[in-house]
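By letter and in written order, the chains are A, B, C and D; residue numbering begins at 1 in each of them.
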Amino acid sequence: MPGKRKLLSGNKIDPKPITGSISITELVDNNLLSYNGGRLREACRLFTEKILQEDVTVGMSLSGALTPAGLGISALIPLIENGFIDWMVSTGANLYHDTHFAIGLSMHRGRFDADDVALRKEGIVRIYDIFFDYDVLISTDDFFREVLKAPEFQREMSSSEMHFLVGKYLSEREKLLGTEKKSLLATAYQYGVPIYTSSPGDSSIGMNVAALALKDNQLKFDVSLDVNESAAIVLEAKRTGGKSAAIILGGGSPKNFLLQTEPHIQEVLGLQEKGYDYFIQLTDARVDTGGLSGATPGEAVSWGKIDPAQLPDSVVCYVDSTIGLPILAAYAMAKHSPRKPKRLFDHRNSLLKKIEAEFREKFGNINLK
Amino acid sequence: MPGKRKLLSGNKIDPKPITGSISITELVDNNLLSYNGGRLREACRLFTEKILQEDVTVGMSLSGALTPAGLGISALIPLIENGFIDWMVSTGANLYHDTHFAIGLSMHRGRFDADDVALRKEGIVRIYDIFFDYDVLISTDDFFREVLKAPEFQREMSSSEMHFLVGKYLSEREKLLGTEKKSLLATAYQYGVPIYTSSPGDSSIGMNVAALALKDNQLKFDVSLDVNESAAIVLEAKRTGGKSAAIILGGGSPKNFLLQTEPHIQEVLGLQEKGYDYFIQLTDARVDTGGLSGATPGEAVSWGKIDPAQLPDSVVCYVDSTIGLPILAAYAMAKHSPRKPKRLFDHRNSLLKKIEAEFREKFGNINLK
Amino acid sequence: MPGKRKLLSGNKIDPKPITGSISITELVDNNLLSYNGGRLREACRLFTEKILQEDVTVGMSLSGALTPAGLGISALIPLIENGFIDWMVSTGANLYHDTHFAIGLSMHRGRFDADDVALRKEGIVRIYDIFFDYDVLISTDDFFREVLKAPEFQREMSSSEMHFLVGKYLSEREKLLGTEKKSLLATAYQYGVPIYTSSPGDSSIGMNVAALALKDNQLKFDVSLDVNESAAIVLEAKRTGGKSAAIILGGGSPKNFLLQTEPHIQEVLGLQEKGYDYFIQLTDARVDTGGLSGATPGEAVSWGKIDPAQLPDSVVCYVDSTIGLPILAAYAMAKHSPRKPKRLFDHRNSLLKKIEAEFREKFGNINLK
Amino acid sequence: MPGKRKLLSGNKIDPKPITGSISITELVDNNLLSYNGGRLREACRLFTEKILQEDVTVGMSLSGALTPAGLGISALIPLIENGFIDWMVSTGANLYHDTHFAIGLSMHRGRFDADDVALRKEGIVRIYDIFFDYDVLISTDDFFREVLKAPEFQREMSSSEMHFLVGKYLSEREKLLGTEKKSLLATAYQYGVPIYTSSPGDSSIGMNVAALALKDNQLKFDVSLDVNESAAIVLEAKRTGGKSAAIILGGGSPKNFLLQTEPHIQEVLGLQEKGYDYFIQLTDARVDTGGLSGATPGEAVSWGKIDPAQLPDSVVCYVDSTIGLPILAAYAMAKHSPRKPKRLFDHRNSLLKKIEAEFREKFGNINLK
């Protein structure tokens, strides 16, 4: 423990007064000082000053109904266009609802305290305070089933490839309908950002794949490919002398999948590695109930998920992503020039071969026990 | 329940993309659409478009350690200077810590995960992620005891008067030390904004008053005066054809005290009234554990605290005040010109006489049972 | 940091299977192992094994609407009858609603999702999922106004004395109506347990006192007496070689008031003391938003509120008091025989004289600065 | 809205006092009246009085680190042995950590506030307040890799079959080591309870499968089979005149997967159905941030996940599963005799054929669009 002088060496709490002409970056830098305000400032600065350096591979996980809330269009697409996200892990639901925007279907502001029995009777579906027509689901299901019957889907593939191929269709649909820049999947396709889902069966996308399977469609998810590809991306970042960052929106299975790349490398594949270098989480998950969603960067260190030496470069901000993400995105775009897209999707196969080779080199002649 | 067309008549979820040059008001208006983001937008607009109309009397309650986090300097003082807050209810702690800034003492950014036993040994006091020297407490206690021995404090008074008189001292101290615009109490004094505390004994201010009482100091809190004065302010707003607004930061006893003005008027004094017209709460308090901190505007309607007809003009946003308040303040100052200060402090006595008269007129000849 | 063997020396996670005949104490001891389950077990054991020793003075704070939920009758009254609570700090609301039960008024199970505008129209008041007739408020107000006009109330007094005197009336009313053991105030009166409120104006009790003040009733709250009396109770516990315990239900102003006894002793009165010995909090308050409600025992150590050497005897359990308190009470009564009531109310004056004397001895010849 | 008399017809808040000899069922029935206490009572009674009827098919989802906390041994295994759970959806992590107990590895009580950098150095892994040796992971990984190389795993299968086959090995291992009744997977195997995971790649189990895939092991997850099998289980419950119940511990992807069975049936497969009949959730997930974890039964109605007519038979209790589940289990076992296990695992194929047939009958001659 340092002495009193050191302990009191942090900046004085003495912000400039807020005015009507203050900018977002000034507000963040000068007026978000303590508690979750302080954490949001730290997240903005960690993201902009360290994570967005060229040699950092940025993975982001999405959970919670973010695309229905417009955050795909608002923030995630601009972040990808600026080269600020290199790969993603998402719930299927975020990707399914993303599709609506590209194919011209609409979601609307509603009320969180609506009478759901009446909504059901009227054919309205509710996501908290968002309303949409039940037909939006039916039309989106039709879209997926039509697309997934195409020849290029008649095989086993990783979820990243499946999302890429769907993104291609959506990208064309966007052009046709004049709905450009509405779909995260389409943008990720254009920028070569691989998007994984940790739970491929768990969403309307997975349900449509399963329905088609009952009709002898050949599309299958190669779950192990997802696991190995995602670990390969993280390993490559480190083996080439770069750094890796985890940006976690929410928690849940996508958080676990993003972080498990390191235990996969170290504990399961037996390769030398130390963990993520940078960590930001915006979440409402509580720490004290013991779940992974709320698990701290410290706990992650004990698993090898975060490099112990880098623990100070970890921030958890307890704020709704619908507030925190727009601010983070606006701050980063104001303060940092675009990065050249890494187009990791194009390199999946070579990265996979590299991790496989390193693994075989180490355990080649022995049987995997 | 309206039909499908009506239910889907809310704005489409179709925000503009965030850019590096987006302003705070654009971000709020265009990009905070749903969930707590949506609530924060609604709060910003309700505040700016309805609450800041000239005929609305705006009461604000403070709980949680907001002044230590710099929110007094950042947001509350500018809001008062703009005439956006007419009266306040605060925990004593917020007012006690506010004093440090005026008398030249400092608080510093620290760490929320510090070793508190070591801090104690070093004489460092911690408020979450804020550190300060134990001597800050001692010096502030000295200041209060010195001031509270002055002749003008040698009597019984409402907490609003006590805070006003202390504010006067702080205002002078600020000029002397060049620390202007650092103290909420000093600013409230200058603008005639009465500040009540619902728990006068419950803070270091109250402890110093109590210590002085052991030495025969004559300062006493007239608790009933606080109750009646605060109700008189709300009643006057309505009797003169205006409206009343409650802005609640946090929850707790200050929230209850701000809202109980209406049950005091209706249930206890037996006067005709309908409840607050506008309601905004920024809080982390949960609804489901039944406490008043998390009680909804709806529950408040059942008590007569909020006018049932005005319930749609109520917003609860679950966000840390350290994030929500700076945005609310910046938005309001950007969108609304300053209001003329109502200087309610100067009118306390006449307002009190009016509520007393109305009460006596109704129950004058009968004994209060 | 101890070595691996030591780190892994905690009990193995290997509980007995739950059966249909398991008792509450077995369930707590064997099956609540980790996360908040673990904390609840620790709280039960800390309370029963350490806090209930004869030489420990047990203070409890109440916030949240606990008496409306039946916890007064269920748990708090039995705990007092067993001598397990020595003094209390409560919101006024808990004491006001407590009164209904003694004077024969009823509250009912309702619904948390009721239509509040309709409830208001029907004259039903709601506390989350509890309904009651608006007349319950009116009748209780009548009771208070009738009682508070009695001669013994025509003076200034501490809130503990006011509650004691009201408790006497309620005790008589209970006997008359056959509603014994329904009122916390009545039971506290019978057992000499002083109950303070940190916010005397902030409840319907305070509102009725204030209304009577408009009619020249002479009852006044002596806030400083509350502050000094409560600190005197804690100081006496320590000066006589005993220990002190804080049991906190919820958070808020009552939590602060219970704990500020130590800063009052040390920081403001300048007397030698180290802090509380035992600490239990059942709460839903979050740590990360910086408020006192969620402040940890560690943070309290940095203020001198908890003895640093005793920090391991502190437990925070994040659970609704409506679940945690019944279990804690059942466990303690099953495992510990009743304690002789300390009847601290009867000793208030002598305790107050002792703290005053100690204070004067130290600062007698100098003026309080 | 019913009139006042009806609104006040709920039980009076008038509980029996808690004593040292009160049983768990008495405590639940008499003393958990309001707020989350009330919800826990409602959950206990809904489970015992309605859900445990013979004709109800009970699905349970697990998320959060429940098996490490001992809840597998404590509660889930006894519930299965009593025939109270018919099928499950779990995170992989719960099943991976479950394995430790069967193969003789141990987890220990630790501290949630440990120094994680030091833990990492010592080779200790932490799950909130649970510590275990890093070798526990390595040994468990060895176990999985050894088992998954066996011939019966050399093919594509549903996660339920994979878990069943692993359960068989664990069951044998338990007998060998005398660790019977420690493993949920082993018990589920014995009782024919199918356990699905919604995210097969997302856990150390999935990582070991992926590592083996790099060495040409043939085990693959058939994700669509999981989706169709689970929907078939729910459909069968309803088609045979029975009812279906969802018991949700936590939230996350397992919650979504459990509930999506109904949209899969109705929206995607186009079959006539109305939704789940009974719904219980124990969670810490907040409603207001819009995620599926905290989505209410009402919101589920709008999606067809819950039968609108059955909405009153839905309960959400905001309590840590480490407290709520032991009480729920103890209550149910005390009040309800064991049910005959449905052994749904044995019927998977026939159920699947039935849903497939119904689907083909409806859409047989047309192509799935």
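We take it that a residue touches a chain if its C-beta (ideal position, glycine included) is under 8 Å from a C-beta of that chain, and two chains touch if they have at least 3 such contacts.
Remember, predicted model here, so these are calculated numbers, not experimental data.
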Residue-number overlap at the chain A/chain D interface, same or different (half cut): same
Chain of greatest Cα-centre distance to chain A: C
Centre-of-Cα separation between chain D and chain B, whole angstrom: 45
Geometric centre distance via CA averages, chain D-chain A, whole Å: 26
Averaged-CA centre spacing for the pair chain C and chain B, given as whole angstrom: 26
Junction residues of chain B - those touching two or more other chains: 34-36, 68-69, 119, 121, 124, 128-130, 286, 288-290, 318, 320, 322
Contact footprint of chain C on chain A as seen in their complex: 34-36, 39, 286, 288-290, 318
Residue numbers on chain D that touch chain C, as the complex places them: 1, 3-4, 7-24, 27, 30-38, 40, 68-70, 73-75, 77-78, 101, 106-110, 114-115, 118-119, 121-124, 128-133, 181-182, 318-320, 322-324, 326-327, 329-330, 333-335
Parts of chain C lying in touch with chain B, wherever the complex brings them together: 63-65, 68-69, 91, 93, 112, 116-117, 119-121, 124-130, 134, 137-138, 141-142, 145-146, 149, 156, 198-204, 206-215, 217, 220-228, 250-253, 256-257, 260, 263-264, 267-269, 284-293, 295-296, 298-299, 301-304, 308, 311, 320-322, 356, 359-360, 367-369
